[in-house]
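Please read the structure below before turning to the comments.
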Amino acid sequence: MQYQFLGIGFLTWITFLPVLGMVVVLLIPRGNTTAMKWTALAATVLQLVFAVLIWINFNPSLSGINDASGFQFIEKTRWIDLQGVGWFGHVAVDYFLGIDGLSLPMVILTAIISFVGMIASWNINKAQKGYFALYLLLDTGMMGVFVALDMFLFYVFWELMLLPMYFLIGIWGGPRREYAAIKFFLYTLLGSVLILLVMLGLYFSVSVKDPTTGQMMHTFNMLDFMNAKNFDPNSLLGGLGTYWRYVAFIALFIGFAIKVPVFPFHTWLPDAHVEAPTAISVILAGVLLKMGTYGFLRISFPIFPDAMLKFAFPLAILGFINIVYGALCAMAQTDFKKMIAYSSISHMGVVLLGIAALNTQGVAGGVLQMFNHGIVTAMLFLVVGVIYDRAHTRDLSAFGGLANQMPVYTGVMTVAFFAAIGLPGLSEFVSEMLSYLGAFQSFQWVAIFSSIGIVLTAGYMLWALQRVFLGQLPDKWKGLPDVNGRELVAFVPLMVVVILLGIFPSIMLHPMNASLNHLVEFVQKAGSGLVATK
Amino acid sequence: MNLHVGLTDFLVVSAILFSLGIYGVVTRKNAIMVLMGIELILNSANLNFVAFTRFGLMNLTGQVIALFVIILAAAEAAILLAIVLNIHQQLDTVNVDEVDKLKN
Amino acid sequence: MSPIDTTLLNLAIAVLFLPLAGFTLLIFFGKKIPRLDLVETGILFLSLAFSLYIMIEKIFILHLGTLDLTFRWIDIGAIVGHPGFVLDIGIAIDNITAIMLVVVTLISSLVHLFSFGYMRDDIRYIRYYAYLGFFSFSMLGIVLSNNILMMYVFWELVGISSYLLIGHWYEKKSASDAGKKAFIVNRVGDVGFFIGIMIVFTSLHTVLFSGIFKGIAAGQLSGPLLTAAGILIFCGAVGKSAQFPLHVWLPDAMEGPTPVSALIHAATMVAAGVYLVARVYPMLTGDALTVIAYIGAVTAFLAATIAITQNDIKKVLAYSTISQLGYMILGLGVGAFSAGFFHLVTHAAFKAGLFLGSGSVIYAMHHEQDMRRMGGLRRKMPITYWAFVIFSLSISGIPFTSGFLSKDSILGGALAYGMLSGNYIIPILGYGVVFLTAFYMFRLIIMTFHGEPRDHHKFEHAKESPAVMTIPLVVLAALSLFVFYTFNPFSPESSWVMKSVVKPESVVPAAQTRGWDNPVPVETASVPSTPNTLPQMGNQTRSVTYYGEALEESHYVGMGLSLTLAFLGILAAFVVYQWKKVDAEKLKQSVKPVYTFLLNKWYFDELYGATVVAGTVGVSKAFAWFDGHVIDGIVNGAAAFTRGASSLSGKFDHYVVDGLVNFSAWFTGLLGKGVRRVQTGKVQTYIVFALLGVLIIFFAFRQF
Amino acid sequence: MNWYDIAFYAFAIVTVVSAVGVVFSRNILYAAFALLFTFFGIAALYVLLTADFIAITQILLYVGGILVLIIFGVMLTSRAFNVEVKRGLLKRIPAVLVVGAMAGTLIGVLTTTQWPSSNFSPYEDTARPIGALLMTQFVLPFELASVLLLVALIGAVIIARREKERGAQL
């Protein structure tokens, strides 16, 4: 382990730094909110620093996915080791962290979004201590999901992030926050249960040789799940293309689909977004949604490649529905935030479409879209947050003519909107293009019909832009101030990323390259029962 | 030294004392009398300990325990008498049957 | 690559990025540094100089081949069993590009100059210049790109700059609506374009034009898919060049400032569609070309009929633009490639001139655009007037103008097409439009400049525009004369544009071409291919085809016909509007239904509004309702069901389970009542019981 | 039967008889005095069991301490003499039965049990080993006992005194 700081691996640092920050925040006396804010900010900034360090030291030629030697920054120690736990037998869970080209963009995204969200949280004026503590805990949960390679650990982080989210929406949210928070919680909990079930099914189906004792034992190691040889032939999920494997894939799919969210599991999203405070919306749309698709790529696809190949077409169809349905719903909204929430659904459909294509450009486009959408939608929610902070309304029809009143804001929002429309030169264009190109290669007609979404997106985005910025300025908004320095600090890094990745997408594509190619190849081969592993 | 009187005899004496002590505790109304019954019981226990020590069923520990029991008995007596005095002052009785304020 | 090639490519890159640098400068420092508009204009003139240098070096002096600079943009590696994913992009300069560079930078710099006057008092003056710079950058990007993807990229960017400029006066709802409409309608076309790109890329794994043509020539993409790809890519052109049925945005786009209309919506951006078709020309199959030709012809006719009824000076010009773009598309469609492109160049000059001229008029009339309130301006604005006349003659196709050269060759091509295919609809429409064009242009001139002023107040204040506005007019008027293109005013073929822009040879399988586009067998060919032809993108050589022969035949017939029709059109305009021999109002009344139909632009807006727009909005509302009520209803229903079930189970719990519990408690209580007597509260009693218990246990467990 | 046996029976009878007196005496003062004899008898039995130290302690503590305390208590509770010290017959019968049964059982058990051989030579000197034990093995209980005594002492004083004050206030 060469990448260490103070004897602790980078990934542990990046994951648990926020917890450290949380402890410090909790120790700060109640009144001292300034110290809390700066502590929390420091934690996220340090996290960002680590993310950059990881990015710099990342070796883009290693592939990962199902190949333990292809992962980087690995940290692996026995975490839980219980002998003879009832019929579970010998339970061993590893603290197994590592990243490859698939997780790297997500790690960076999480770090960026956490930082930006922290800045957007600056004006929280209710129970700050709890807020910042929960925020940091949430941060750890998110980061952990992206670096965990042991499924048990993955699940722990997955659940860890749920609770702070519930409170952050339920306490600091808008007027219908309880409803939204409970809805979010129940939805995601349902998903978690399905994931848990599949996880247990996999656990009991897979046996590997314990390196220390030499005896066969069950494991939660994701990489072991991906090797068809490790499945006990008579176990529930053994073999290829069996009924239970399909069931498990679908259950896992629903579990992750709720997070994405895939139609028809999406209705928690508009409510949660609308009620959540700005920073939490940013996190929600920027990172949480990506966990679903990340779960597909990290877990569903390589573990159930046979089912993946079978269900690729329905997946693409769902992607199409997401794109068009989300866009149409967005068009009908009058609530600014809700519109953006639906636009997220639409854009995540592109991810789905891309990864369902299961070819290089499609998957690369999908993953890049995950990253880009994270950045862009964060900007969009920040944009809404700015206007909501000032005007205390999100009704699109209540605005107009703000372009003259708030020129800088208009510029920022125009960039964000155009990025969301998929304007070339901005990041989302590249990823959408790659996704569509990939989808077209695999599912020609789905891609063609999905491209209706391109027009619809332009339609509702421009309509919103027009309603907010163009036309005459109503008298009551004459005093609205333009964006301030703090808000610019949140916007500028995102804008830089959006433009940079629009022009040089290779910055992000290059590190992903080897992993995604390997993923595609692996799933294609393993799914059709060819040589399963290297 | 071959004794006719053996362990059993002492234990029997002890048992009789114990039974009498119990009887006293159970039948007496006067708190002080109850205390006396308790003292009897304690003494019977002590007698057992010492007897066991003498006949090799316990080492000297038995006598040490007896010593502690005596000490405890002293403490107990002191406290109990203080309580009795108190009750007497408060309720003007030492009859344990009448000390039932908590009951009603 | 020779040094001069490198130099030219570097210059081209400079031409491309200079306006972007100007844009960045203006956006970020526009408020801090004064008079940045001068910098921006200077930049454009510099670009113009570079472009001229490139064009002259390339076409007239060195006769260079295609200059190409390609680099790898995205590389997602290759994996076994898959072709991998590599995207190469870059720039290339061939003759078309070189000419387009000059056209774009020339019009753009003239418009910059003109805007000094026209936009002088605008509140967002600097922003306006910034956007102009951005537009120039995007447009030059389209021109320079050597691949279809980058073209799409800049395609969208010009769309966005067009959006921003149309909506420049966004306080007006109509302006922001128009911008939005333009962008969305363009997007519809772009989706087709994008699907076309997807087809091409998926089949050929490249986006470079050269690679595409090579791949198609090698037969990797053929059959209906190739036709579809061609038509879909053409969809992009339909959107951007405002062809039927996506032409509806262009008239609305006139909400933008008039110089913008001149630059974007007349000369350059809308011509990008034509440029696109010219770029992908070798891959268009015969069927695709026929579709293109029909679209062009229909558009030209439709727009021209609408133009004769409009009263807004800019609207007339807008429809005229659509009509002329239809001509170009038609030209390309029928196979008159060089002519179509030539018309693009000449049209850029005279149509930009027309718009700037109308801008000059509007400026003088204090932003009055209705022709019915003008008149008699000839005396007040002589320079504008004479420039306008030259432009109008040019657009009408009167000899000694550039328009005559290019339009005539398109019509010749159309006629040749008619002869070869036996299908005369396209040439008939084309010639009909000649008459209409001449008519509405002179109707415009007469209504605006001749006769008596109708609004005396405005007329009194009208005066000739300042020099910054008239100079561009004069320059453009000069460029609308034949001398800049050829010294023989009756021979378009002799113009350098036609000579240097040669119809590329088709790469589609022979079965899918039009037979007459194929070369005439060598032994019958009158002229063998000359070795020193100018190579173009794709695999193009100049050779004699059946089409070329037909063109020769039809040339003089076509010229005579078009001249006659043009003169008739002008005559008609004079008869009706100048000499008032026929009462225009009576004429309108006599054909009222037709007139109303035309005045309302064939009801396209209403049609789209009622179907596509209302349909989409309706569906979106329906979906939103569905989302809120059905899906969420299911979710909430599930929640309610759960609550109901829980309340049921609560009742069960209360009455049955709790009942049992309570019963047992009651029973216990009954028991307790009996046993309670034992509980005397007296320690002594307890001791007795305890002892009793001990005894019982003892005897219960004793083993002896 | 030797002197040892005679001494045992004599003291055993003294002890048991006086204990019966304690339990059955109507007069509390008599009971107290009977208790005195019981204590003495037990002390004598201790001597017979070669537990000289315990015997001395028994006399000192019980006779000199506890019994005096009891008599003080009797005296201080003014109406002690008039109190009906015994329960009614009806309540005594179950007690007599149970206690009798228990005594019978105990004695039966004790006599039937085969105790290990009693050839154990008695301790010659007990005071010194006990002292040593108290200072070594039992030092913690010893200290605890001392603390307990102190606490009991203070507690007794407080309990007896505080209530008195309150009574005075009333």
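A, B, C and D are the chain letters, set down in written order, and residue numbers restart from 1 in every chain.
Following the convention adopted for this analysis, a residue touches a chain if its C-beta (ideal position, glycine included) is under 8 Å from a C-beta of that chain, and two chains touch if they have at least 3 such contacts.
Since the model is a prediction, treat every value here as computed from it, not as a measurement.
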Which one chain sits nearest the middle, judging by mean Cα positions? A
Indicate the whole-number Å distance between the mean C-alpha point of chain C and the mean C-alpha point of chain D. 115
Cα centroid separation, chain A vs chain D, in Å, comes to 81
Rounded to the nearest Å, the gap between Cα centres of chain A and chain C is 35
Which integer distance in Å separates the CA centroid of chain A from that of chain B? 77
Which chain D residues reach two or more other chains? 95, 98-99, 102
Pull out every residue in chain C that's touching 2 or more other chains. 684, 688, 691
Touching two or more other chains in chain A are residues none
Go through the chains and record each pair that touches. A-C, B-C, B-D, C-D
Complex contact set, residues of chain D against chain C: 94-95, 98-99, 101-102, 105, 112
Residue ranges of chain B in contact with chain D within the complex: 3-13, 15-24, 26-30, 32-33, 35-37, 39-40, 43, 46-47, 50-51, 53-57, 60-61, 63-64, 66-68, 70-79, 81-86, 88-90, 92-95
Using the touch definition up top, name the residues of chain B that touch chain C in the complex. 22, 25-27, 34, 96-97, 100, 103
For the complex, which residues does chain C have touching chain D? 684, 688, 691-692, 694-695, 698-699, 704
The residues of chain D that touch chain B in their complex are 1-2, 4-5, 8-9, 12, 15-16, 19-20, 22-23, 28, 31-32, 35, 38-39, 42, 45-46, 49-51, 53-54, 57-58, 61-62, 65-66, 69-70, 72-74, 76-80, 83-87, 91-92, 95-96, 98-100, 102-103, 106-107, 110-111, 113, 115-116, 118-120, 122-123, 126, 129-130, 133-134, 137-138, 141, 145, 148-149, 151-153, 155-157, 159-160, 163-164, 167
